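The following blocks contain the structures, represented as structure tokens.
Next come two complexes, and both contain chain A; in the first it sits with chain B, in the second with chain C.
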Partner chain A sequence: MKLKNWKEVNPGSVITEPGSSEKFKTGSWRSSKPIWIEENCIQCLFCWIYCPDNAIKVKDGKRGEFDYEYCKGCGICALECPGKKGNKAIIMVEEGK
Partner chain B sequence: MAKPVTLKELSKKEILFASGHRLCAGCGAPIIVKMVLLASDYPLIAANATGCLEVSSCISDYTAWKIPWIHNAFENAAATLSGVETMYRSLKKQGKIDKDIKFIAFGGDGGTYDIGLQSLSGAMERGHDMLYICYDNGAYMNTGIQRSSATPLGADTTTRPAGSVVPGKTEQRKNLTKIMAAHNIPYAAQASPSHWADLVRKVRKALDIPGPKFMNIISPCNRGWRSRTDDAIMLSRLAVETCYWPLYEIENGVTKITFKPREKKPIIDFLKPQGRFKHLFKPDAEDFLKRIQDDIDKEWERLQKEEACFSS
Partner chain C sequence: MAKIVAVTGNEAVANALRQVNPDVCAAYPITPQTDMMQRFSGFVSDGKVKTEIILVESEHSSMSACVGASAAGGRVITATSSQGLALMNEILYIASGTRLPIVMPVVNRALSAPLNIHGDHSDAMGARDSGWIQLWSENAQEAYDNTIQAFRIAEHMDIRLPVMICLDGFIISHSIERIEYLEDEQVQNFVGEFKQLYPLLDLAHPVSYGPLILPDYYMEFRKAQAEVNTKVPEVVLDVAADFEKISGRKYGLFETYRLEDAEIGIVILNSAAGTTKDVIDEFRNKGIKAGLLKPRLYRPFPYVETGEALKHLKALCVLDRADSFGSSFSPVYMDIASSLYPYNDKPILINKIYGLGGRDYLPEHAEIVLNELIDIAETGNVKSYKEYIGVRE
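The block that comes next holds the complex of A and B.
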């Protein structure tokens, strides 16, 4: 991502492109990584509503894979996951392993 | 009675706070913003007081917001939005706008409890049709955890550090929700991101009421609270269950508690996981812990009495 110089920035720093922060991939911050275990998932969507970085996409009321481009690896989803019969559907592993 | 909120229904809507914002991993603020924006069925315009949320969501020519959003100084989010709202009313009168737009101001506890209090009070008194949302993380986290008037009793901050003489902050936090309700505004409420359905319902209710509204939402900050990155929701839930952060609303002067914990947990459950309170668990700090518990019990007792006053 190349930063604009002062001549290229709009007067008053007005930003005309909504949601342009998506060009900045915050996934590189991550030190631990959430793993989704589909068979333990009850599709409660708590992970989706509690994710600070919208790194879980939901389609037709069902969650899919993590979006690792933005996931910062905070682990809220893993902690809040109720899982199925005591087995978590999200676990955290060390990044790069 | 409004229809219950389901996550399935919410998940069909577009999230208007984009990924790629630079708030810390595990921050409570983006969760709150996401829930607030999901709750609304109206087009929204937002103003943001200086704070973590503002500086991290629009760094150098990039923005995380997908709604019209205006950044301003620390003290005047409410004043700025009052102006925008007045312009909207004028344009509507002139027939230049026909949309039904709602206005929301976001501010942290520094920009709301302390620095922005007079502009907020003014906006509420003038009766602008807007919702002010304070995300309360209990200190000036953005500039390095300085004490604010929202900092809880006994918390360690960089400007009121806990040491051998002083056990962190020795003053009580001020009750801003009550201060705002004392402006006789139609709606003031307290919410927590852990109770998302309650939060969404309150935002929807607030947006449907004309006039000035205020909501105070607890926002865990793992950097300032010295806790883990994954416990934002757990801590906000404990804040509610210990009655440190009771969920209630004051509608036209009538108090209603919207969530009563089945069993009120002791406040140490909330304090223990947070490093900012670790000095309170040394052997000689028992009296101070008792003072914190007593204050919370008194406040909870009072709130229940207020509710009982109106229920008969």
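The block that comes next holds the complex of A and C.
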């Protein structure tokens, strides 16, 4: 995305395009990464509810893979995940490992 | 037809606000402004205006409410003094940075501590770099006229910045003067309809205010805001020209008084300029070429025009009703010194601080300063570049 110069920005930094935060990718902020372990997933969708961004994609009522372009690695999904029989369906691993 | 009345400065400004009939007013009482907003809320209670009054618990809240109401799409006013302006400080920057054309009379009063309710300019000087436009007023008529013009300046589509109208606490706010009021209809026609650029309440065009702007964009927004300031003087002059057509009263970026052929001069803001003009007349009667410059548009400061108007003088004193603790000189002095810096031939410049906390500025103070300037112009010798006057030594 080409950055605007000072003559092109909106007065008062008002954003006039609704939903434009979708263009703001925050995945590079992440220092640790959530991993989805499908066999432990009970499809409770807690992760989707608790995710403060847009990193968990749901289709036809089912959770799919992470969208890492929006995941800042906060780990809330992994914390809230009830898993199956004590085995977490989301675990956090350090980036670059 | 103009209506001639005898009213206080607060009453005159409150009447200007009634004539404009803004959409929203969020204000908190503070001496010496209280009486202005009390009168205005009286107009609301009596159904003279359609303004919605928001009762708030502090000036931080009043300015915050003004920001919200202005972003929503309303024509918004408040008023304050002293500690109230200091408490608003954080939100002042948000109002200007968000380019919200809020109009706010500031009845100038000293800052605590020590606690003092009387007139000086420390409050507005503390907000001089907040990005607000500042219009300063010598008397109640100027405060009334500046208030009406402030809406046109703030709301100009090329500007969209908030405006403070400064008037001296008690000396102007509470003294009765002869005022010429415009007709309500004239004022209504002059200010026109207000249209917010991106109203939050326009649900067909949803917008977001107050986003986080990171290092990749912050400087672009600041540069854009700095550029808007360069357009303000021209708009102020255009609005003044239109105002003259309905009022017969002429306004500029500053007022000069017997300055064109002067050899010595004084720069002074607000009510003390009136006293100084009288003393200048006395000196002129004695054959001494004295003159005065009274800034009106102080922010953004029209430094090129001001420097041009002062550069021919031999000696010049900037009298300030505020100090800037720890800096080289007082606030107005620093602006005047900067405006004269580019010129090789320029006056010897001295600085006096007077009238703090409502201490009277008397004709003899102006006489002492002018006599000192005569001496400096003749000899080139300066005994003190900066000193307090009217203080017990």
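To be clear about the criterion, the second predicted complex is superposed on the first by the 90 of 97 C-alpha atoms of A that agree within 3 Å, B and C clash if a C-alpha of one lies under 4 Å from a C-alpha of the other, contacts with A are read in each partner's own complex, and residues count from 1 in each chain.
One rule holds for everything that comes next: contacts are C-beta pairs under 8 Å (C-beta built on N, C-alpha and C of every residue); 3 or more make two chains touch, one makes a residue touch a chain.
Bear in mind that the values here come from a model prediction, so they are computed numbers and not experimental data.
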### Query
When the two structures are overlaid on chain A, which partner does A:Ala55 contact: first (chain B), second (chain C), both, or neither?
first
### Query
Counting only touches as set out at the top, which of chain B and chain C does A:Ala78 meet: first, second, both, neither?
first
## Note on the structure
Per residue count on chain A, the busier partner among chain B and chain C is B
### Message
Let me test your reading of the model: by the given contact rule, A:Trp29 touches which partner, first (chain B), second (chain C), both or neither?
### Response
first
### Task
Based on the superposed arrangement, let me know which partner A:Pro11 touches: chain B (first), chain C (second), both, or neither?
second
### Query
What is the contact status of A:Gly86 with respect to chain B (first) and chain C (second): first, second, both, or neither?
neither
### Message
Output check: A:Leu45 vs chain B and chain C. Expected answer is one of first, second, both, neither. What do you get?
### Response
first
### Query
So, does A:Asp67 touch the first partner chain B, the second partner chain C, both, or neither?
first
### Query
Can you list the residues of chain A that touch chain B in one structure and chain C in the other?
3-4, 9, 13, 15, 18
### Query
How about chain A: which of its residues touch chain C in the complex?
3-7, 9-16, 18
### Query
In their shared complex, at which residues does chain A touch chain B?
3-4, 9, 13, 15, 17-26, 29-30, 44-46, 48-55, 58, 61, 67, 69-70, 72-76, 78-80, 92
### Query
Within the complex, which stretch of chain B touches chain A?
7-8, 10-12, 15, 17-31, 34-35, 57-67, 193, 196, 228-234
### Task
Under the touch definition given earlier, write down the residues of chain C that touch chain A in their complex.
97-100, 160, 197-198, 205-211, 213, 216-217, 219-221, 223-224, 227-228
